[in-house]
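Each of the next two complexes has chain A plus one more chain, namely chain B in the first and chain C in the second.
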Partner chain A sequence: MTEFATRAPRVVAAAEGRRRRNGGPRGGVILAFVAPFLLPFLLFYVVPVAYAVWQSFLVVRRSSGQYGVPYTTFGGFEQYVQVMQNTEFWASIGRVALFGIVQVPVMLFIALAMALLLDTPLLKIKSFFRITAFMPYAVPGVIAAIMWSFLYSPQFSPIVDALQAIGLQPDFLGPAGVLWSTANISTWLWTGYNMLILFSALQAIPQEIYEAAKLDGASNWVIAWQIKVPMITPSIVLTTVFSIIGTLQLYAEPAVLRQISSNISSTFTPNMVAYAVASGNNYQQAAAISVVIAVITFVLSFAFMRLTSRKAGL
Partner chain B sequence: MSTRAPIRESRISRTAAMALMFLLAIYFLLPIYVLIVAATKPQGDLASTFGLAFSHFDLFQNLGTLFGRSNGIYGQWAINSVIYSVFGAAVGTFISALCGYALAKFRFRGREVLFSVILGGVLVPSTALALPLFLLFSATGLVNTYLAVFLPSVVSPFGVYLARVFTAAAVPEELLESARLDGAGEFRTFFSVAFRLMVPSLVTIFLFQFVGIWNNFFLPMVMLQKESLFPITLGLYEWNGQTAKVSLLQGSVISGSLVSIIPVIILFLVLQRYWRTGIAAGALK
Partner chain C sequence: MAGGGAAQAPTRGPEAFLHPIRKYDLLIQPDAGNPPCGRVLSIPQKASPPDVFPSKSTASHRSKAIRKENMSNRSSRIRLAGVAIAAAISVAALAGCSSPATSSGSASASCEPSKGKVTLQYWNTVPGMDQVVAVWNKKHPDVQVQIKNISNDQYGTLGNALKAGKAPELAQVGYDELPDLRTQDAFVDASACKAAVAAKSKFVPWTWSQTSFGGTGVFAYPQDTGPMALYVRTDLFAKYGVQIPKTWDEYAAAAQKLHAADPNLSITYFDPNNAEWFNGLLWQNSADMYSYSGGKWHVTVDNDKGKQVADYWQKLIDEKLVRTDLASGSTPANAAFEQNQLATYIGAAWGYSGFRDNNPDLAGKWSIVQMPTWGSDPASGDWGGSSVAFMKGNKHLYESVEFNTWLNTDPDALALENKLGGLYPAALAGSKLPALSQGVPYYNNEKIFDVFAESSKNIDTSFTWGPTQKTVNLALQDAMAKATAGSGTLSDALTAAQAAALKSMKDLDISAVAGN
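This part shows the complex of A and B:
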């Protein structure tokens, strides 16, 4: 008590001196906390994005004919017109769209089923299942693709050996199969991560909610699909949005498979197109392609969130 | 409670659930198991023996070949990966903690706008950043240096998000208030009171960023030409591209892949609870 008494005058002084009417510290102090992150964020996130947007409105022209001196000038939407006419780019968008329409639901359905099972008393050794599923998250995409290439290769693969032994002729790297072989690598890498997000959301639901349903005699199946799934809808939306972003960004896995399969072109995914164009020193066109990819990502993510929130009546 | 409904799960559904989960566990473990088996085999046995069964145990010869190849370049790649990931994640965690703390505990104008802009960064494809960054870094002479990979890796919008969520939950306002009343400045309050409470969540942020940088491929691929600066992912990618011509490299790609995933898997098993905290925070908000 005496301590409080002696403190009181200092309290007032400190509160007057350091803090403003709205209760926060002075602007300089806030800046000192925020700036160490904000400065690199501006330099390595905001500036590159702005630079790419600016570049996408430039064109390289030549002073006279094909052999004239090249110079860079403002070109309006010229680069974007070229992107629209770039059939390889749109083919790559179509490819990842097909990939996403199949792979994302399959992966998230497996992740959801695993999370729901882990949330029931049906299973033993739950932590073993959780850890094995999450383990691939620790493996870089490049290494995962190298590991799976080994399993796809007709020369080395025990899977191909086993399938041939029962009379099948699998062609994981063929023109029809290679897209799905890539999809399998993504599924292997990310199912466990998504499963843990959904499982954490399930764990956060208070158990009392199920009590009434149980008293009514609802089975675990009904509780899972009619109570649990609707309750974790926000997390399902989150994992879907992350998966859409990931699909549009595909690069490392197909790039590795390209090293062993001639059925993956240098323009297999949108990012591979952007990289191939940039490697040809056409940075303005590469910038326009990157901007289009980013815009498609934003639009799809927001459209999906809007669609699901309206459906859920939120 | 005695009013529990009778247990309805028959033996069949228990068995079916266990069987399904075991199948999935095999799916997740199979590539790692095959990699381990392949890493122990002499080069000649890779194609001629069945991939699921061990043959000659040549793991140590293979590791010798791996680390001896091209004057020990693999060891250099491993060190580079550690440098990029450890320092990048350490600096990144620290600045995320400062910023996340400010966003959680200070009230200032534009706070929510700032937070939204930072969160928007999560949506920007990292590949869309790498190409313009390459041009900006070429202009400043940073391309082909450690800094070219290190500097952009430091920024983690997701880290700031986690730091804000964790701080709001783990650091009680009253503790900060009493430190301030004792006359401590904002920085002393942060370092002597808040920081200690934030440590468990900072470990989580560090882990996520560490793995993000360790697994990164596109940024170093765009930025680096000098082999001696490569992280493991880029080095193995280059080797893998040469196996068609230099078939003896196949063995080193395999043992190199195994060596590269082991430290992260260990980190991961040892620090399991921190992963779950991070993922739970991501899931709930």
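This part shows the complex of A and C:
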């Protein structure tokens, strides 16, 4: 096997060298193929991000007078100092961190269990269950939040009525419960999506492994937890990273629930903090907040991927 | 990992996540003594995640030539990326910086009639305004007005348009947002137009004081107002033998009696997420929050009169005499009125159509009287109401003034706006409108607009809004919500709003001090 290893790269190197000498794909052709993606990517992704980063280094100054005329000027890290001192912002980061630590594992566990169930020969009407599990993802986040707001409302909710009938007093929109009510909406929306990713990964496992395992005398339970789950670890890592990123960017569900619950402040999640600051016309500070959110997201995702790749023994 | 570099494949793309199994991951060795049918010896406990971020260790297994080529590929890619990012940042930088303005944008502009056909842009949020504008367009073929509805994020849209230099000629701006927009240099002074200066006499004095920023120029015309009054369920008060309150003390006493008589009944609800309503109550008590002197804003959001109002409502909340779980204008609130759970509503003139449309079954059960007062003197506050402002960059001031004057003082226009949009006009001519002089069937044919006209007379003319009102309102709401949830008081909310006002003004380089 070692022989194969040292031979393969040399073969590849030789092949690439041959290709070069024949004058392979020219730069122009490459550009023509990539341009339709590259152009909108630069225009609508890179430039706005660069603009936001630039704005975060500006401060607002004003000419004299009761109102004055505002202008922006370079301010160094002044906006970032403001962000570091913004207690509401860090409270919101703490809030979504708490949200994420609970909601992400719960959601992924449910998605994994559903994917494993779908993968067994036990389930007869597979496609029906697959579609119904995925349907919540097709509902736009705002609509889902509106729908759930009715299900949480003490006046209108049949769930609240049913719970009150058996003597419980649920307070879905109270100060303690509103975060978890939001988590419930997120879980409902995204479990199907994550289940589908995990299910596709399960489909890719070759059948020979199951046969071999069965020959070894493994039960279905052992196959599920000691063969299938380890084999789809990359997909689990992927869905976790996506979920971490999504959690840090939580906005739509709390913003909608805010209409009916006074326990969601305008600074409930980091994105809401950025939006509130922007609506106060301090775009430069909002840009700094956005950059800090992006950096935190990047650090957390990167750390998680490093952690899992190290644990996997790479 | 056993097998070292043997099991390492070249770096994988995203498809690796869907096809994690590679042949070399399984160690299948022929069993020496048995037939060569391969026996799975071990399966890695966890498949290694593919290298999304290729580490240097993969390179160590390759020949130098490959490594060099990869390096040069990577470095050229890095160079390319660097160039792209540098280009992007420089483009953004050119767009980002602005220089100090050499002249005040609110300086009085000239007022000459424009030549040829003129098109004016008018952005607003009032329903039915397009029909009003259609009436003008028919009569004035040379001055056409195009209307755009910006109910969705009104001030965000205006702020963005101003930044882009594409603001409309005229826009609807609430009284409480006028200073906020002025600090964004949003308006142009129409004082050069004689008609604009003469319009002062056509409007209720306190509204002109707001739109002229205390008489320093003509930046907007008042359009409508929201003088506050007390909507009372006369049937419930009669049922429990409670007098309709005239002072806030009587109101608190009535709250006690009503709640004691029927635990499901509250005198009203307190919505902590409605800073505009609460500001109206502060206005009634002349709890002035902002003034300007000596080149500085003086911020007194937490003044004593404001705290008096806050403590009053905190007491009602603590004694559970008001509901705190309902949002103004929401479906649960309408349902609560319908189910006889609320006995009064402290609202503005534009609120009369809400009950008429949402609670038709309650027709004839409502009466509208003056708000309870703090002392023996009549006093009232305003909740809402808007102006039509002349926006920066307006090149057709003469025509804009013409249209604005017609829109907000012409009796036909006012009648249509009242009928379609429910507007209570700020113009003095508005109180003489036929629609406003008649009794309203829903309210027992009472002449409710006389009550609002009376209320309007008692509105303090010196009340000023702050230059960062939006941020202060948000901070006030957040803190009031905490108070209704049990942590802190409404008085603390005013303190928090004071701190937010000072900080937001400092962030926007507006010189401000606390206290008078």
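General remarks:
Convention: the second predicted complex is superposed on the first by the 277 of 314 C-alpha atoms of A that agree within 3 Å, B and C clash if a C-alpha of one lies under 4 Å from a C-alpha of the other, contacts with A are read in each partner's own complex, and residues count from 1 in each chain.
We take it that contacts are C-beta pairs under 8 Å (C-beta built on N, C-alpha and C of every residue); 3 or more make two chains touch, one makes a residue touch a chain.
These figures come from a predicted structure and were not determined experimentally.
Once chain A of one complex is fitted onto chain A of the other, the partner contacts of A:I93 are absent, as it touches neither chain B nor chain C.
Within the superposed three-chain model, A:A224 lies out of touch with both chain B and chain C [touch as defined at top]. In the superposed pair of complexes, A:I110 makes contact with chain B only, with no contact to chain C. In the overlay built on the shared chain, the residue A:A201 is in contact with chain B and with chain C. In the superposition on chain A, A:Y67 makes contact with chain C only, not with chain B.
With both structures placed on the common chain, the touch criterion links A:F128 to chain B but leaves chain C unconnected.
Considering which of chain B and chain C touches more of chain A, the answer is B. Of the two partner chains, chain B is the only one that A:P40 touches; chain C does not reach it. When the two complexes are laid over each other on chain A, chain A has residues 10, 47, 49, 51, 55, 155-156, 200-201, 204, 235, 238, 259-260, 278, 283 in contact with both chain B and chain C. On chain A, the positions that touch chain B within their shared complex are 7, 10-11, 14-15, 18-19, 22-25, 27, 29-30, 32-34, 36-38, 40-41, 43-45, 47-49, 51-52, 55, 110, 113-114, 117, 120-124, 128-129, 131-144, 146-151, 155-159, 161, 188, 191-193, 196-198, 200-201, 203-204, 214-215, 217, 219-220, 235, 238, 245, 248-249, 251-252, 255-256, 259-260, 271, 274-275, 278, 283, 286-287, 290-291, 293-294, 297-298, 301. The residues of chain A lying in touch with chain C in their complex are 1-2, 4-6, 9-10, 12-13, 16, 42, 46-47, 49-51, 53-55, 58-74, 82, 153-156, 173-175, 200-201, 204-206, 209, 212, 216, 227, 230-235, 237-238, 258-260, 262-263, 265-267, 276, 278-283, 285, 302, 305, 308-309, 311-314.
Across the complex, chain A is touched by residues 3-5, 7-9, 13-14, 17-18, 20-21, 24-25, 27-32, 34-35, 38, 46-47, 50-52, 94-96, 98-99, 101-103, 106-108, 114, 118, 121, 123-129, 131-136, 151-152, 154-155, 157, 160, 180-183, 185-187, 190, 211, 214-218, 222, 232-234, 236-237, 240-241, 243-244, 253-254, 257, 260-261, 264-265, 267-269, 272, 275-276, 279-280, 282-284 of chain B.
Per the touch definition, chain C reaches chain A in the complex via residues 1, 3-6, 8, 10, 16-21, 24, 26, 40, 43-53, 55, 57, 61-63, 65-66, 69, 84-85, 88-89, 91-93, 95-101, 104-106, 155-156, 159, 163, 179-180, 182-185, 271-273, 292, 295, 297, 324-325, 327, 330-332, 335-336, 467-468, 470-471, 474, 477-478, 480-482, 484-487, 504, 507-510.
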